[in-house]
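Pasting a structure here, questions to come.
Naming follows writing order (A, B, C and D), and every chain is counted from residue 1.
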């Protein structure tokens, strides 16, 4: 295992200490490992928090700040955080207007957030939760854990955070988050595996001529293993199921998000974006906004994911609204 | 070779097409492969351009926009661009107040920029050049190619771009760039090699328990190979030569820049930043500003570099000045 | 006389030891169909539990297990944290204030714990989770605890192992493994494996008592 | 009669062919002490040059080499682009309008090209660059061109190869290899290798003429 770390068990704590030092103007880091917006709680403002395993940086801690998240709860690498964290974060950001939990659809995340929500409600805090499940690689079904929450989470956090910043109430913020969930779809692929520090070796082995299609964000293998293909083919393989699932139709305006899994150079992400734009153009879908870069990652995994969000004027306005976080910043 | 590309020879052109599509609000891409600020040339404003091999993204193309570069010239991967590009860029950004070339100190970059400068001057364009050579891993000497230009280049482009945006004249902008060069020092290390697409295999082999200290930004091996060490030790190994070189002294204010080489997760960069802050604190050096992330990379190489810039009020003001580029954005 | 809190403490210590020994194995199983952290998660949790045991040894069994549950919920995370945490919370609640715990109480308590897991995780039999190991184990204990506790505990451990192995060929429908679809078939479930370790620890430490 | 533009064109075609063949080797050498692109760079440049050759074959040698220089400068980049580009520009300028090129003209022209490289790159002998292969080669040609062109060309190619090998043990002081310090010792220089290929191409194609 080759990593810039000290003891594997300390990597999350040490990284959070670094975040606190680097971004003291935006956030504070409190026990038990929560990243809180510096000026939280803001009286009368709905608090928006999220959380999940570490190893997806900049998500979620990098999205804490004005116009996005009020707090983030980073768990151990790829392990959902514990209820104590979500409870503390909920208390820290509660300004009397209630708190929204944005939860990615993983059994562990759901259960830990639910336990925290119960404890917070017992303290009289108004808590609502919205589950993001946008990964089209997983068939949606009542009998399984359902779809994973992936790239759509980043877009939901930005848009919902903007509405909360504008003073929308809890019901409105929750409904908006559900609207994003209803209109966003994603799919990812991997060229390489990644190594969980405490595990010490790659999560899976893969040949030089192979790739995994339909991965999540926890370094796990995907739905299927295929022969390595050119970027254009891979882009097609990801974009087509996304487009057909919602479906996205001619005349739709979308936010096109090409995300790197952590180990893929920006140069390659733009090669993918170029092809994605061509595919959407061919379908009569207009890219009204875009995001290209490493925003929801799996440690050093090489690969990418594509996320499409169907936009309307409201979503565009909220996407363009000012945001000031370590990882996303504009309009300020 | 596992990359999200099509034909290796097309990767730069296809990525630039993606950049043009993704950032049409900020830049335009013109032949022969130059990334130009959308509203260039700006009459009466000094033009600031840079360039170098591709594979360092977001540098330089990601730094084109208001308050930073007016144009960037991306060569083939790790190969300095050709004079035709710098000439075209110089012509495209010349608003009558002259053009500054920010050149990283590599034989190829120097010679290609010089040839372009001569051709531009022959057309009556006022061209000045400043060479960035901030890599303390290389001993400075009159008898060699001297120090490499690395992380300091990013800071120079931001600060110089801000001054040009404010309307400073060519002599002032040039002097400012020399001031940054005189006060910035860097050093980098690699955990892994990287693969030049057209070469098809890693530039060097390295053992699982080894690292390269004193690397540049072209995937080349470093000054020496050492046994892999914990992040804290590595941070010491990079910070100490930097601090002793200028030297940075107790009472100094600095901009601390922890840069990822492309394949290292943000999580690890913050672990390094935490230790760097501790080291600087121990030396009585104050971190007045910081930058943590992948800004000057070597494709998918795992590793990091540390850059320290000694600040004064002028440099702080110009660093904080508005910038609106694909990769750096604030104040707008 | 019944099973003492010291007996339960010994069982928890054995569980903690064996989780530590199985840390790599559980993580490897989770690498194949999950996210390579089950051994790390369980070890982190049981290491925290171990620190509380000395102070709890002399108290009530109910208090012991409630503290174990709270500790797991606060330290494990992931899916297994709330699930195992709820399991022990419910077990502790079922034992209540009782000073003297009978084999039948243990069987009832473990059933309550299992019900807690099912209530929280909504897993059915054959969804390929820890539930498939725990369900037959609890049934075996309910059937024989009063007649012969030691034998029933042995049957329970065997039933857990059998359940763990029975579901290996199945396609997972709950937890991360379900994302793999068909690819999850043929892989042993990490949670069913740690659950089997739990029932083996109960067998080896409580068998002497009761 | 002297050396015709067709002879020079043939030599450039041979150079282009052999650079293509040596593409991987040159890149591998550059991987060890540079940035793994010399073969790619030279091949890109000579491929562009090759496209111009048909139209230039029937013109003046001076015009041919000037165009070759301009093409290399515009397509190669890196250090070798300006260096080889200047080399051929100066060679072309030296040959000027001459319709009839003598062996002595060739020697003078190559010297002018080499001076261009040294003027631009400021490399001294033993800095471990292409200059260490070209210098002895040009000297050999100057010494013997008028007496026996073919023999002098052969001597020049041998001198280039000897220069290339002589500097392998040295520590580089110019170019990227210099960043490696002591580690550059013991590695063959890519540029000296491509320069040797050039003089071998001249030997094999111009030897028959003149």
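FYI, contacts are C-beta pairs under 8 Å (C-beta built on N, C-alpha and C of every residue); 3 or more make two chains touch, one makes a residue touch a chain.
The structure displayed is predicted, hence computed values, not measured ones.
K.L.:
Going by the stated contact rule, which chains contact chain A and chain D alike?
P.N.:
Under the touch definition, chain A and chain D have B as mutual neighbours.
K.L.:
Give, as an integer number of Å, the spacing between the C-alpha centres of chain C and chain B.
P.N.:
55
K.L.:
Can you check how far apart chain A and chain C are, centre to centre, with Cα atoms defining each centre and the answer in Å?
P.N.:
Averaging C-alpha atoms per chain gives centres 32 Å apart.
K.L.:
Let me have the rounded angstrom distance from the C-alpha centre of chain C over to the C-alpha centre of chain D, please.
P.N.:
75
K.L.:
Hey, how far is the Cα centre of chain A from the one of chain B, in Å?
P.N.:
Comparing mean C-alpha positions, chain B is 29 Å from chain A.
K.L.:
Send over the residues of chain D in touch with two or more other chains.
P.N.:
none
K.L.:
Considering chain B alone, which of its residues make contact with at least two other chains?
P.N.:
77
K.L.:
Chain touch graph shape: choose line, ring, star, complete or other and state it.
P.N.:
Its topology is that of a line.
K.L.:
Let me know each pair of chains that touch one another.
P.N.:
Chain pairs that touch: A-B, A-C, B-D.
K.L.:
Give the list of chain B residues in touch with chain D in this complex.
P.N.:
Those in contact with chain D are residues 53, 75-84, 106-108, 111-112, 115, 137-139, 143-145, 148, 196, 198-199, 203-204, 216, 218-221, 223-224.
K.L.:
Enumerate the contact residues on chain A facing chain B in the complex.
P.N.:
These residues of chain A touch chain B: 1-7, 11-12, 14-19, 21-22, 54-55, 57-58, 62, 77, 191-192, 208, 211, 228, 230-232, 234, 262-274, 277, 287, 290, 292, 294, 297, 299-300, 302-304, 329-332.
K.L.:
In the complex, go through chain C and note every residue touching chain A.
P.N.:
Its residues touching chain A are 27, 31-37, 40-41, 44, 73-83, 120-121, 173-176, 178-181, 183.
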